[in-house]
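Data block below; observations after.
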């Protein structure tokens, strides 16, 4: 459906991640290698943390590959934590309010995948969103409802548990409606430091997800590569598909897994949807 | 908030209504005379009936005054029934799914005004929409929810009663939340022949609404004016504000009134919100 | 670079040509089979002849595959002569003034291909445009300059000769600058009845171009197919690539050829760039 | 036609200038007090200097008043030198390539006003642009041609002389065509430190232009105002119209004047168009 990228580490110019690599996210907007669709041209979004307490977001309905404003921003904005997402819409409109990453206070959230037969269960899912959060839902997508369910279930306190409960609810409601394989996808969320990334699908054939080898190991593997010297030891990237072909850099996140990286953290846990 | 125009009669080129008059709707997008805002530049929409069973709609997020595509369409599309709407957004996003007229099957619906403190009661109102219609809600606006409430309450069978029940529900829910003056505005709806137009506000100070004098009278008043010869005897227009200053053409719709015109109809009824 | 379609014949709903076929132009916007690029998502345009003396044009910077307004128009507009074009930009901006078909008075013009090293010779080419036409150049593209050169060289009187002189000038100027293979592409132009289509490249390896078999032959081949009964005997389509796989329908225009169809015409001539 | 703002001084968050003031530029986009038009809703642009050698630019075709991306950027970008411009188009298209500020290498340029009967003399003016610069002209506006003429005449070496020669050429060419009052407007240009601002019109009734009182004086006048303590002593703003009503802050630039501010400079010179 989509492709995304999440970075946490020492401040990095956005263009290094978005435009530089051989199979950069911008490149993937025209020709994704591993995506469900080769073209991801239905808008994009970037979210980044800077001086203010809430992250900035830039959403556009244009294909990322020829958006001049994105190019300008990527040339000028450095951040120690940023998300980027390119969209291949399936059904919902191409409009800024449907662009990821979604934001709530300090939190960003993005998703690649879908809730199966979403129209049939959307109402039930929306009803489960905390009524005080409800007015903040701005777009039409299943992904945004997932975010608001996760917020409802405590994302700000325990992200893995909250996402497990959100996906659990989706599976529970879908089951009541006789919908098979209700959830598919990968998710990333952050409040500016740690990144929580999830890979899961009800059918056990999830969209691809990769993370970078730790920097100290990369420095040993490639002592000449400047980039690995420039970024800090605790710099990490999680991506829908590898940004290049350099051996030893990209590692697949296993099925049904939550990966936690950034600010000293680098761990992996099983992901199991929870029902109430 | 907005300005609109509804036409029913013999086929008319859209540009005659949208661009021709001295105070045309396009002119009002930059300089409305009677609107709550002088600038109505947050997108626009046109809906028109032609050969297919459902009307066409054209929605754009650009200001109407410089949209070249609208100019082209207005030059080429004739219709015996069309709606046009220019938007001044208050809070909700400028996106096509928030542009009027809204469409459901053969029905069009547009609104100028607001539901007061909409965020506080949106969830309650959305819950009252028929669950089978719920997935068809596409945007964020109070106006679209009004449309879906009216559809829920039988718009397709008895438009005045359905709109009275929709507005009645808004007032009822608002009252429970202690919100004063909950509804403000004018509404038009059609399924391609008759136009139902409504003017009402809880506080009794409604947005302006005008309708044209019947064509036979206009022909007597202005025997030289070609336009009145060209259009059929049962041609009518209902507008947020007069399109010009010619005496005897424009008549104010009274407060709390439903006006029904087109296809031989030309009547006026009191409008009274109904609670269940 | 791009893909296009030109139709002349009995009135046809645009959607029959743009959305209906298996390999429709909209389909090609995401997945072109024969194009230089698979994705043609950098805007699109439609030009059609109706009641007014000048054709209507609708230009959009969105990818055609998810433009809702295009879908609406295609559902509602019938025309006996229309052009449609989807763009894959190479260098120039994605903006409406760069979208084909270009229009001048009653004339439409569209192009798939390029002028090699256009930036190096643009000034010389623009200087050759009739000064009285110069202020009407609105965009940045090589294609639009070709159109204005053709207008300068008598497009309105003798289209094949004018296009031959325009391409001849491009080759002449390029030669002075030491640019090889200066022109590549296919072109279509019309004033509402006859379509003139051109296939030519300086290197003799031109972009693909196809035309439909005459309707009487198609009716004999496929006596059951309703479409061939519905359209008039002199209906023709010229396209960048076949819209489907039905044998006997699509014929390749040879290299260096001008094909003239519509309103009783159906002929083919060699195309030879002319220098002054 | 338009309104603009130029800032040079200690790093300032863009939102302080664009959104904060009572009569901020964003406010002026809906309701300009002194502009030739009250609505400046035909796109906007921001240019700012940061770490890279060339400034960033952000151009949008949306009205500034409801562009969410501009709001996000203004919240997150600080700069010691930035330009902002809101557009009221007169004739030319609403597209990013027509949005100010224009950029060439390290230089930014913006304009409020017009070249009278531009279509009649555009070709002559464009011919005077250095052929090596010609391919970099991207849009349709008179303002961009002025910029390229000034670049041709040495903007990078002596800005006042180059702008005087550019305007001089406009007046000379216009005179040959019998066009009266050929130039109208205000201009700002910078390469990241000093700002050169110009106010001139052939008829001597130029668009409004104001500059801020020097900071040490403002501190004495308003010892309590935090903003004046925060910004450095050599901070300056030049604007189309005052951003507020505080007495002693805003000073009118006289007719036919070049004002030079920033990085220790604060001077005023007569502006006299030069012919060759």
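Things worth noting here:
The chains carry the letters A, B, C and D, assigned in the order they are written, with residues numbered from 1 in each.
Following the convention adopted for this analysis, a contact is a pair of C-beta atoms (placed from the backbone, for glycine too) under 8 Å apart; a residue touches a chain by one contact, two chains touch by 3 or more.
Given the structure is predicted, the values throughout are model-derived calculations rather than measurements.
Common partners of chain A and chain B, by the touch rule above, are C, D. The minimum number of touch steps linking chain B to chain C comes to 1.
Copies chain A and chain D of the same chain sequence form an interface built mainly from equivalent positions, shared numbers / all numbers used being over half.
Mean C-alpha position of chain C lies 41 Å from that of chain D.
Those residues of chain C in touch with two or more other chains are numbered 68, 93, 96.
Looking at the complex, you find that chain C touches chain A at residues 30, 38-39, 41-42, 61-63, 66, 68, 89, 93-94. Against chain B, in their complex, chain C makes its touches with residues 48, 50-52, 56-60, 68-69, 72-73, 75-78, 96.
Chain contact summary for the complex, chain C toward chain D: residues 93, 95-97, 119-120, 122-123, 126-127, 131, 134-135, 138, 140.
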